[in-house]
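Letters A, B, C and D mark the chains in the order given here, with residues in each chain numbered from 1 onward.
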Amino acid sequence: MKDYTFYIASAYGFAALVVVAAIAKITLDYRALRRKLARFDNKEQNR
Amino acid sequence: MLKYANPTNFLALAARLIPWLAGAAALALAVGLYLTFFVAPDDYQQGASVKIMYLHVPAAWLGMMCYMVMTSAALGTLVWRHPLADAAQKAAAPLGAAFTLVCLVTGSLWGKPMWGTWWVWDARLTSVLVLFLIYLGLIGLWQTIEEPAQAARAAAILTLVGVVNIPIIKFSVDWWNTLHQSASVFRLGGPAIAPSMLWPLLIMALGFTLLFFTLHLMAIRNEILSRRLRRLSITAAAAEDPEVAGEVFS
Amino acid sequence: MSSPLAALFGRELRIARSVGGGGAMGVVFFLILVSLTPFAIGPDLNLLSRIGPAILWIAALLSTLLGLDRLFQADADDGSLDLFIMSSTPLELVVLTKCAAHWTLTALPLIAAAPLLGLTLGMEPAALAGVAASLLAGTPALTLLGAIGAGLTAGLRRGGLLMAVLILPLTTPILIFGVASASAASGGTVPFHTPFLILCGLSLMAVAGAPFAAAAALRAREA
Amino acid sequence: MPQTEVRPPKTQILQGISAKALRVDRGGRAIVRGVDFEMRAGEALLVLGRNGAGKSTLLRALAGFLSLREGEVRLNGGAAEATLAEQAHYVGHADGLKAALTALDNLEFWARMLKGAAGAGLSPEGALEKVGLARVGDFPVAYLSAGQKRRVALARLFVAPRPIWLLDEPATALDVGSQAKFAEAMAAHRAGGGFILAATHAPLGLVDAKELRLDAVRPREAGDAA
């Protein structure tokens, strides 16, 4: 049976990469939005 | 259900739900990975490379499921014109693209040892590729139209047109060529693969689904906040106009 | 580069990133064009790999050109073009900088994506490297020729298609030597460097001449 | 008090502009014909006339966007062999702003792009302060109203000092307060030896400005320059 670890590793590696990238992008966007919204918070409560 | 429909309540609900969902997703994925690597037997033909199936198949399902979520959100946008539906729609498109991309790449990595080439133009991989292109088109549409509500309506129409065409694409691609093994999981006679392989697959699929809903909720939250930021910025800019007019050009 | 041109280059990148996802639209169009060909020709990989370089080159040619019709349109609409004409920086250098920015945003990702897409056409590594190298050498000429077309059609209503019709005939030498060098990379009678050097020559000629033609076209608009 | 700009050396200061028998064609037709005017440093010229009389065409020709069919414009003094356009600001109907960028980014860009020989002008923040838009500097221009966009465009005049101001209907979309204040800024520019050529309907509050009526220009009849 040929050794497929390269293919398995790169498949799971790529999937992990995409998942981590998605999580990172969403959380970074969230933090940036909170920071920008903080500027308006004092003037205006979240309706 | 309508109580949660207004964005502020939704934010409160999301804040409570997201940690639980994330935890469940992590747990399911951990169990799935454990089963895949330590319990599930190798395939008599493909050997260990079958382990890629536990990634490839759930990713394909998620790509399709994500489109269904987007379609229902599109109906929400067009029928009830609800901002939450707009946000759900916009949040789903990149996730759908990500899952279909994972499906394509893992399919190619699985195909190399099995069929000897990185890519084969067979029916199912090609249909997923077309689905991936539809997702990219939607993301492009979202980025081009600035005004959120207008972008949502446009994307909703494109999504619904897409959902009508996906079965046609599926059929025509099948007709065009079929090399891929027939749908072994959902054969009419029930799953053909051994239970020992089926369980890890279903658990991985559950893990992916939970991951999707976690990310989707978080992305919807981002979308609501960014629309609020846009609205506040516009009103703040407008507020600058009348009372300071006197001090200009001094 | 003097600061005005550096400022222009920075501005072009910033605008592209904030609206329309940068050059991504060009790469997606390239991806779609390449994916559509097998539907027409059929899934047979041996055939596809033989005509792979041609498919990739035609797709690159079309996606580069069709992405260019907006090059000056936005500036013409919001009045920036008039101010460029008035600035002490020559319009030719402004055109060259905008082409460089457009090339970085559209052509570079395209050159990176071409080898990956070549895999779907069953091309082997030598051919993939050949396509990437020939695209790297040929796309500057495509962008600059397209800039001339964009200059001619800026402000016209149906500029996009007209621009392609004007410029596509002029790009035939680039296509011929581009595909020739890409195919020569995977063996064949013609050595790789012969068409490749001609391609580089075409690009250098375009860098030298096209900005003047495009600037003249912009000035001649007399909006 | 506005920041005092750096004074270019004596010879480089633009003393005067003289235009002889200008003719500008558009679409094969002479829109502007037989126009003459003389201007010295500190003077203003109001280009008047009904719509379509060629006010904008004349200004766009002076800015170098349209070629002169006949006649010529001579500069007296000013930077060596710099054309009128390179020593002029043009504020037309379009504001020259990229909606996706912030007001500060736009001004920063134009400051470097239009940097003339006359040294650096106000900083983008200073220019925005001068037009009363300091607090909206970091919002994308897309969020600003037409009046605010207009004032950001006018702020361009301050970030890169150029002696000649070519203004095409500068007062449109400006509220009364802004118009009054802009009149003061124009007076300050003229006091500093600047030239103002403005095509306008609304009164701009320019003190003892010369007038150039375009619809009074008949073929073969010299325009009344005084």
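Definition applied: a residue touches a chain if its C-beta (ideal position, glycine included) is under 8 Å from a C-beta of that chain, and two chains touch if they have at least 3 such contacts.
These figures come from a predicted structure and were not determined experimentally.
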Maximum centroid distance from chain A, chain identifier (CA atoms): D
Centre-most chain, if every chain is reduced to its averaged C-alpha atoms: C
Separation of mean Cα positions, chain B and chain A [Å, integer]: 14
Mean-CA-position distance for chain C and chain A (Å): 32
Centre-to-centre distance between chain D and chain C (centres being mean Cα positions), rounded to whole Å: 38
Intercentroid distance (Cα basis), chain D paired with chain B, Å: 53
Multi-chain contact residues (two or more partners), chain B: 146, 236
Residues of chain C whose C-beta touches two or more other chains: 19
Shared interface positions of chain D, touching two or more other chains: none
All chain pairs that touch each other: A-B, B-C, B-D, C-D
Chain D partner contacts - residues on chain C that touch it in the complex: 3-4, 7-8, 11, 14-15, 18-19, 74, 77-80, 82-89, 222-223
Residue ranges of chain B touching chain D (in the complex, touch as defined): 146, 230, 233-234, 236-238, 240-242, 244-250
Complex contacts: residues of chain A adjacent to chain B: 1-5, 7-8, 10-12, 14-15, 18-19, 21-23, 26-27, 29-30, 33-34, 36-37, 40, 43-44, 46-47
Touching residues on chain B, where the partner in the complex is chain A: 8, 42, 47-49, 51-52, 55-56, 59, 94-95, 98, 101-102, 105-106, 109-110, 112-113, 211, 215, 218-219, 221-222, 225-226, 228-229, 232, 236
Chain C partner contacts - residues on chain B that touch it in the complex: 108, 117-122, 126, 129-130, 133, 136-137, 139-140, 143-144, 146, 176-177, 179
